[in-house]
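Can you keep this structure in mind? I'll have questions shortly.
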Amino acid sequence: MSETTSAEFFATLLMQGFAGISLFSVLLLMALGLAIIFGQMGVINMAHGEFMAIGSYTTYILSVLASEQGWLDIYFPFSLIAAFIVAGVAGYLLEIVLIRHLYQRPLDTLLATWGVSLILQQIFRSVFGAREVSPELPEWIMGSVQPGEGIDIPVNGLFVLGLAGLVTAGVALMMFRSRWGLQVRATSQNRLIAGAVGIDTQQVDRITFALGCGLAGVAGAAFTTIASTGPTSGSLYIVDTFLVVVFGGAASMVGTLASAFTIGQAQSILEFLMTGSMAKVLTLVTVVGLLMMRPEGLFTAKVRR
Amino acid sequence: MTSLLEYYRRIPASWRGLLILALVLLVVFPLLMGSFRLNLVGKYLCFAYVALGLVLAWGYGGILSLGQGVFFGLGGYCMAMYLKLEASDPVSTAIQSTPGIPDFMDWNQLTELPWFWEPFHNLPFTLLAILVLPTLFAYVLSLAMFRRRVGGVYFAIITQAVALILSTLIIGQQGYTGGVNGITDLKTLEGWDIRTDAAKTVLYFVCCGLLIVCIVASQFILKSKLGLLLVAMRDKEERVRFSGYSVADLKVFVFCVAALFSAIGGALFTLQVGFMSPSFVGIVPSVEMVIFAAVGGRLSLVGAIYGCLMVNFGKTYFSEAFPELWLFLMGGLFIGIVMFFPNGMAGLFQSGGRESLKQLWRGLIHMRHHDRPSPRVDEASLDSSLEPRS
Amino acid sequence: MEPERGSPQASLSDLFSILQDPKEMLIMSIQCSKKLDQAFRRLLPFSLALLLGTSGTATAASVNTTGLAVTDTTVTVGDLHSATGTMAISEIGSIQAEMLAIDQINAAGGVLGRKIEVIKEDGASDWPTFAEKARKLLVKDKVAAVFGCWTSASRKAVLPVFEKENGLLYYPTFYEGLEQSKNVIYTGQEATQQIIAGLDWMAKEKGAKTFFLIGSDYIWPRTSNKIARKHIENVLKGKVVGEEYYPLGHTNFRTLINKVKAAKPDVIYSIVVGGSNVSWFKQLKAAGITGDKANLLTISTTEDEVKGIGGENVLGFYSAMKYFQSLDNANNKAFVQAFKTKYGADSVIGDVTQAAYLGPWLWKAAVEKAGSFDVDKVAAASPGIELNTAPEGYVKVHPNHHLWSKLRIGKWKKDGQVDVIYESGLIEPNPFPEGYQ
Amino acid sequence: MSKKNFLLAVEGLTVSFDGFKAVDDVSLYVDPGEVRVIIGPNGAGKTTLLDLISGKTRASSGTIDFKGIELTHLKEHQIVREGLARKFQTPSIYEDLTVYQNLEVSFPRGRGVFGSLFFRRTPDVEAAVQAVAEEIQLTDALSMQAGLLSHGQKQWLEIGMLLMQQAELLMLDEPVAGMSVKERQQTAELLKRISRNRSVIVIEHDMEFVRAIAHKVTVLHQGKVLVEGSMDKVQSDPRVIEAYLGH
């Protein structure tokens, strides 16, 4: 088909670029919470996907309430906050009940949190049913903007991008500019010394874990703009998310950013060139291959051991 | 009777468990169960191969693989390819636009057999492939990683990713693999109908026999110096290295053995169930296989078999009787084992239950006192988690 | 709700299961002791029966020579769907419909004067579990028929079991065809029934010449698109400008949407299934592809899916199905009302749910025609069975065990229902279409 | 003098971690049968130097010549197989195994995967274990679980494991740390005995002990060799005093 003009080609290119960027922002949002928990605490949280689902379901509940009250246009931003709080509190409780008994035993944490994910899935199923749900969203978030002829930039994509930027900036500020961030970093580097200088490391752990889970909740809430939520939705994302974090280098936020960007763009471009399945396989194979070559990930400090 | 007991006493303690297991599998089960349940047990026992491999790799080697389904699947698919070709002779597929090729290929507009299917017309090649292909894949995968000292959680995540890749690949390339349906409708092995009750009973005994062979082989490995080194590695990996051993090679070896066992299990599974599908390759079944080993006791060879049987029986029973409870139980099992019974049923059994109960009690007390219980597990996974070499 | 524990026959294996299970349960669950108690009570009669050496099979067998679980007053059938796992979302509707039909049949006096009893088994969205449970239903429970399966994969897994054990399966889902078995009655449409008339309509009504084919990556969408492509190219003399597949559960369709935009097809032909549906339609809308600007025809989106997607996201798109909830006829009105009375006013009924509802009725008709529950006789009696009371209207079983049925095209409204804007004549099922392979 | 006359010749060895040179242009020559003690204040790079020689850390530049074999590109286990053995700062033994097994595992045969799989306990293994056990005074504890040994015994067991390896060069990182005075004396005796037919490099802080065993002392400071010579010479060198007292 040679009907495609250069203007249309340009439009496709632009929209395709945006598709990559929006996949990047989705991956970033999913990975941030995990990166904090994994990077700072060394804890593998296999239930991360289910914490995202907690955020999604929170949004769903609020949307039901909102549509009863006629607040559909405005509830969504609040649901992000609510998702953060609900998922965060759930994470806080999980830390107390389970996680803190398993520090220093990463493989066991992995299995135990897998168990948690199964239990959460069944809870979702019992409460919300096996059917996937999808909150009713305000109209303004579902449209698209047209900066030029034939170019449609989805508003929800822009929204997720903006949110990812905001959250990343917020986390970076907390980590590197606040006293709490200092405590977290100190604790992750040397728990014993941190405790000795008067940091309540237990509290730091708890807050860190809760923060990570809360961020997962926000990601889940944002996700409702592009996908549905079912009891097992969370498990679809967990491997992708882990690969983003590991590929970026466990303790590095810049790494997580870079790896989410690389993977997002790569997958997006490959999808344009081949079938979705093969694009996914090729992306994963490349990431795994690179990880085998360079297990410490893209970015990491060279540490003397 | 006394003389029997006397004979029993003369058996070394480490073989008694195996003897009892063999009696249970080869005598008690066949006597007690009809062919339907026996076939069910046979199916579960295929997963016991995986659990056995995990005891070696995870329990002793400290290598947690969340991708054992990959090897199970590779073994199973090799077997399935052979059986499918036998079932797709030109006569029974005459209705197709290209007779003589598997039905799903025909549906996907393939007009000739892909080259990598060709050798699977040959049974010796197939049997060899079942043993060699998965092992070779495990070798390539693990050599690169263990040489670079990737271990612990990184290895777990990467193996999980491999499971995802392989299952996506199988589903995506359905013309060559049968896609999400898998390779189905397998009928005969060298003309022998594998669907009859008689055949299933025979296959059950084959399955048990090979399983016992695998246990004996594992026993041999654990009793050799290599087994001693595995225990040593869990404790002080660095020391083993500085005693002149290549830790990476030892790990690669146990991982390959685990893969080999899984592959045998997969092939037997295909024979007993009559099909193979990507649903055994992916992430969820791979993680479930870990719990089989964990329930039985990650350090006990026979324990793994019992654990596997128990979890599977439990799954069958509970998902029938209380479907809504099953995931809670499964989840609780993961958490409970890790928190309170790190050595699984075997640990419970060896201490007459007392030790573990004490530990459970201590655990509960400690929880209240904001302290963590200290079952000695997985120290190895700790320091082997990642030591990048610059 | 209680799954009946099989026909009244006790064997050593039952005793064994009693020995097995409590051990399991004691270790694993203290908290469900109440349920445990029930389980024991349920199992108790079997062990008693065993001890006394009496067996119910003898009585059943003396009345009926079929070897099936049939007594003077009851007949046992199986229901085999995923009540749990990823497929539960789709299959629960089928379970509900089958239970409704069985209740109605029982209320009207049963089959050959016998009440239908149901053993429900959960395939748990896991193909080998389906095969295992199918074997259990046929070998242990000796059910007279099984209503069940949803995905092609689960059907493929149980098919050898049904053929080997000579069971009878009523399969409700629209599917890819290329299959025909003495032991299966297909109550949904095979691919040609669903595809060809819909494409013809699109070409005729909308003057469509170029098509973009999209599917989830497995056998049904691929086979369906193969048939669609042949029809578009050979019969409609149109052009396929793109064909794309995405993994099940995929949630990011932006790249695909860009490809569609670049190709500018007259019709987007979509066979996206399951949870992916929601992402697909939400992202289409977000990219400005809406019902008023583009023609989208789908054969995979029923009222069930739209409940999750949201009517506003599919507004103005078209679905090609044999049944829609909003069909305007007396049969359907009664059916919808009965369904809503039983399962709640906000429940929706999709194509497969209706097809599942047909299963027990078709079986009843065939059994009564054969005058026996014997599987061979029922299978032989099935071709030619007509059902005038079907919610979708008139259906008839073809000798190839599929149904003659009509195709409708519905245009989606905001409330998640359709306006039925086209209805074909009765279409002959043709699972092995010449020229489309 | 040619390198060939030395057992170990380290030349220009340097390693840097993100710009920080932990070991900076160190050269070191050890004779056959020599006991060399390396001392220096904390952070002088002593342990890093052993890490470099034993292959645990890769050198940024420099050469390590052992019996004419270049070690800088070999892996740890390959270096060990060439005849070099190392003891760690904290006793590093297999606590779950018996003393006997600890020693047996260190026997230099069947070090490959299949070698270890088919390794058999032959009379020569038995004899070697007995001999070493006698040397480290653990004959009575052979069947004991190693984790139950006293701290000093653990240190000896580790030295015993090195002896089992039949290495030509032993490198011991603080072998008497945490020992009583009596144990120190016994260890000194042990070292003297074992250095009769092999070379030993020792890192140690305890000057009494150093004086008892050292043929030659090397003082490291800030990654560099400060002084090298006899104990007396080193102790009287003002730069050494400066290094220990200053800063």
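In order of appearance the chains are A, B, C and D, and numbering begins at 1 in each one.
Assume a residue touches a chain if its C-beta (ideal position, glycine included) is under 8 Å from a C-beta of that chain, and two chains touch if they have at least 3 such contacts.
No experiment lies behind these values; they were computed from the predicted model shown.
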Query: Is the number of contacting C-beta pairs greater for B-D or for A-B?
result: A-B
- prompt: Taking each chain's centre as the mean of its Cα atoms, which chain lies farthest from subunit D?
  reply: C
Task: Please find which chain has its CA centre nearest to the centre of all protein CA atoms in view.
output: B
- prompt: Quick one: subunit B and subunit D, Cα centre-to-centre, how many Å?
  reply: 43
- request: Can you check how far apart subunit B and subunit C are, centre to centre, with Cα atoms defining each centre and the answer in Å?
  value: 34
- request: Please work out the Cα centroid separation of subunit A and subunit D, and write it as a whole number of Å.
  value: 49
Task: Mind pulling the residue numbers of subunit C that touch at least two other chains?
output: 84, 217, 245, 247
- request: Could you check subunit B for residues that touch two or more other chains and list them?
  value: 168, 171-172, 324, 326-327, 332-333, 390
Field: List of subunit B residues in touch with subunit A within their complex
entry: 64, 66, 141, 144-145, 148-150, 152-154, 156-158, 160-162, 164-165, 168-169, 171-173, 283-284, 287, 290-291, 294, 324, 326-328, 330-335, 337-339, 342, 363, 366-367, 370, 372-373, 377-378, 381-382, 385-388, 390
Residue ranges of subunit C in contact with subunit B within the complex: 3, 11-13, 15-17, 20-21, 23-24, 27-29, 32, 35, 39, 83-84, 121-122, 124, 126-129, 131-132, 135-136, 139-140, 152-153, 156-157, 159-160, 164, 176, 178, 217-219, 222-223, 226, 245, 247-248, 432, 437
- request: Provide the residue numbers of subunit A that touch subunit C in the complex, in ascending order.
  value: 1, 3-4, 8, 12, 15-16, 18-19, 22-23, 26, 125, 130-134, 136, 142-144, 146, 150, 152, 154-157, 225-228, 230, 232-233, 236, 268, 271-272, 275-277, 280
Complex contacts: residues of subunit B adjacent to subunit D: 221, 224-226, 228-229, 231-232, 234-236, 238-247, 249-250, 252-253, 389-390
Subunit D to subunit B touching residues, read off their complex: 54, 56, 58, 75-77, 80-81, 85-86, 88, 92-97, 101, 104-106, 108, 110-113, 116-119, 161, 165
